[in-house]
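Listed next: structures, encoded as structure tokens.
You will see two complexes here that share subunit A, one where it goes with subunit B and one where it goes with subunit C.
== the complex of A and B ==
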């Protein structure tokens, strides 16, 4: 249960990051897994002990590593964003999924840096301070605290005139332009901010799993986050957290099916189908998601 | 106030605007008419900077604007509406207005987290102004409704209100009368006239409803095949042989 909740918290962080991009600003980012990977690997390099087999370890303290992982993800988003932010949404989708795959393939091939497909161990932060039986709970607490901070920060941002501009861009870019909003600049901010959150989520994930391989960052992860946002209710931060919990729950719950199903049936394939079916059902029955977007009014008054 | 010199724009093989020249004088309601495909909306889109012209210049208040990014142009206090209303559907009516003022302090991400008093103060002023505009347009009771739920005429009013939120000196109106019932149109006319005389605003509008144009606009510019065909007061335009030919395909 603790394992599941921590996992769900990681995905809730990712879902909030995607919600600010897609739910509020209408930016199509299919490269979530790429930034997720960047954050996970950077934090692993920063906190690990020095090793001849991969980059670093710099043995930095955990909070500092989180900050660095977040910032580096942001820098990746900046470098990616400057040339592509002006693209229309379908092209942006193609470019971002390409970016994520490039990141993953670099991790696979650059073995001197990342140990490639063998994967890297990631430290358990503050392991010595916490009795081992309570470590899972302790780390769940850390994950939830980070989720809480992200949630409050984003919630505050979207309730402001800044968030109002994002919704305007989502609804109609031309209107935003004739109202003097520098649309590309706002989109770039959102791409960077959301991707920093993905990077942070990646770092939290790495220290939770304690072992990362390129296979943790397949395009599938991106689409799982998309399903969470769409099912939970894009444009509603609480909704996407609920979505993360629900979809992660279904995903993990399906593992128990392997006991019931006949030999040879692949649970992995079935759970993809079930998630797909769930998404179709939600879109048919409640197109706005479990918790749809609420009417907002400026909360700054 | 607005000057267009030898403006050109081609789409594929079509010369949408082909060497167009005209000027809009301050504190007038200038009409832009012409048959379908004359290039009127293209001229508006060129003025808004949605695409770069293939030739020619556009000047607004001594600033050349044809090479400016589109978001800069409204900062010179030039606003516009669209032929087909573009309301922000999943935002409330009041949010549709409150987003309009240009360069709000609260639009900085930093200020959304650290809300210093001046940000709050500005936000209150914007809210009060939005309420004033809603009152002026007599749609206050709709303020918390999603803009997507409004009727066609109400959307027209809302879009008109949105331009007023930006304190414009020149407003481009693309067919303000299309799909608006006569009573509402009379109201809209009244707003335009009172904003012109009381606030010194200038209007430049495309319209197909000739009665409306004749009543409201002076002067009127007639476009045909991407060029200015004629310009003058309503009575002059009515008697212009070239205009009659363009509209009625010869004879008249």
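== the complex of A and C ==
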């Protein structure tokens, strides 16, 4: 249970990041898994002991590693974003999928740096300070604390004038342009900020799971986060956190199906189907588009 | 030199697949990830007819294609038609398409299992040609058949009434409607051509390599690269784009790790979008 909640907390962090990008600014990022991976691996490199099998081993303290992972994800976002930020949504989606896959392929191929498909071990921070029976709870606490900080920070950011500009961009870019806002610069900021959160989530994940492989960062992870955001109500931070919990619950819960289904039926395939179905339903059933936030034109109208 | 031959082979497979995808992308106005499902089912339907029902291989492929077309049209009726009348944009449709791809892939796993499968064919030895090139009879057949199919599709698009209607719709949807073209019929034909295109591509890939449920997804990404490179909606662009992507991917293995091949396709696609978004032969977006 603690394991499940911690896992859900990681995804909740990711969901908030995507919520800023898609829910509040209407920016389509299908490369979540890529930034997730960058964060996880960077933090692993920073905190690990020196090893001939992989890069890094700087044995840095945990909080510093988190910060570095977050910043480096942001840098990746900046490099990716500058050329692609102006693309139309569906083109941006394909390019960002491409980015995430390129990141994953690099991790797979450059074994001398990342140990490739064999995966890398990631340390448990402060392992020696906490009695081993309580460690799970301890890390859950850390994860929830980080989630809480991100949540509150983003809630404040979204309510601010900056946040209002984002929402304007989402509703109708031309209005923002007419108002004199540099739309592409705002979009880039959102891309970077959201991706930094993905990186942070990745780092938290790495130290939670203590083992990362490229298979943890397949496109399916990106799709999971998207379902969480869309089903939870894009534009609603609390909604997406709940969405993260719910979808995670569905995902893990389906593993128990194997107990009641006849032999030989593949639960893995059923999980795929359920997520696929959710993606289809979420678009088809929401009455007008997929925004969970009420459109506010003006209180006068 | 061998890499170039591999590239031509891969290019032929990608090209024939890309023709259908480029038409769907343009006429239905979104990037249909569910096309991967059509690719993979093309291979698996043929497998069922051939391995399990003993029907000759080519006939198996020919039988699979109408099934694919029916499936695609059925899916369209259930989902995209509704979204079209609601005015859903390309992004929403794309997300539905991704969901459909997952559903179709899981369907393949549930029905045929996740294990690697192969067509029940004797193992053919490669012929050795000048320049130390090795190629099998099947590979030559794939290249030839792919080109032949593309020629047939070209004739269809150029000579038949519905083909011209499709090209008109691909060019300018609104103008086509004003001219009285029945766009729903065009859409049905688009799915049918896509079935031919995807079914063949999936089959060829399976014939050359093997069958796994994820093969559709893996082939899809280079297909999108080819479509975008050639110009969305331009079948001849798809041919050229497919060849370029196929050659680039295979030749890249000569100087970088083979696992980077899909990355090559992505990079080319991204560069296209940044430098000339309408592709090599496209007109406006």
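Please note the rule applied: the second predicted complex is superposed on the first by the 276 of 301 C-alpha atoms of A that agree within 3 Å, B and C clash if a C-alpha of one lies under 4 Å from a C-alpha of the other, contacts with A are read in each partner's own complex, and residues count from 1 in each chain.
FYI, a contact is a pair of C-beta atoms (placed from the backbone, for glycine too) under 8 Å apart; a residue touches a chain by one contact, two chains touch by 3 or more.
The structure displayed is predicted, hence computed values, not measured ones.
In the superposition on chain A, contact of A:105 is made with subunit C only, not with subunit B. In the superposition on chain A, A:161 makes contact with subunit B only, while subunit C stays out of contact range.
Of the two partner chains placed around the shared chain by superposition, neither subunit B nor subunit C is touched by A:124. When both complexes are overlaid on chain A, the residue A:277 reaches subunit C alone and has no touch with subunit B. In the superposition on chain A, A:266 makes contact with subunit C only, not with subunit B. Using the contact criterion defined above for the overlaid structures, shared-chain residue A:28 touches subunit C, although it does not reach subunit B.
Within the superposed three-chain arrangement, the count of touched residues of subunit A is higher for C, of the candidates subunit B and subunit C. By the document's definition of touching, of the two partners only subunit C reaches A:91; subunit B does not.
In the superposition on chain A, no residue of subunit A contacts both subunit B and subunit C. Every residue of subunit C that touches subunit A in the complex is listed here, in rising order: 30-31, 79, 82-83, 88-96, 98-103, 105-107, 109-110, 113-114, 221, 224, 228, 257, 259-260, 262-263, 266-267, 269-270, 273-274, 277, 285. Touching subunit C in their complex are the following residues of subunit A: 28, 83-84, 87-91, 93-95, 97-99, 101-102, 105-106, 108-109, 223, 226, 230, 265-266, 268-273, 275-284, 289-290. Residue ranges on subunit B touching subunit A, taken from their complex, read 48-50, 69-75, 79-80, 82, 86, 88-92, 94-95, 98-100, 102-109, 111-113, 115, 119-120, 123-124, 126-127, 144, 146, 162, 166. Interface of subunit A with subunit B (complex): residues 153, 156-157, 159-165, 167-168, 171-172, 174-183, 189, 193, 235, 293, 295-298, 300-301.
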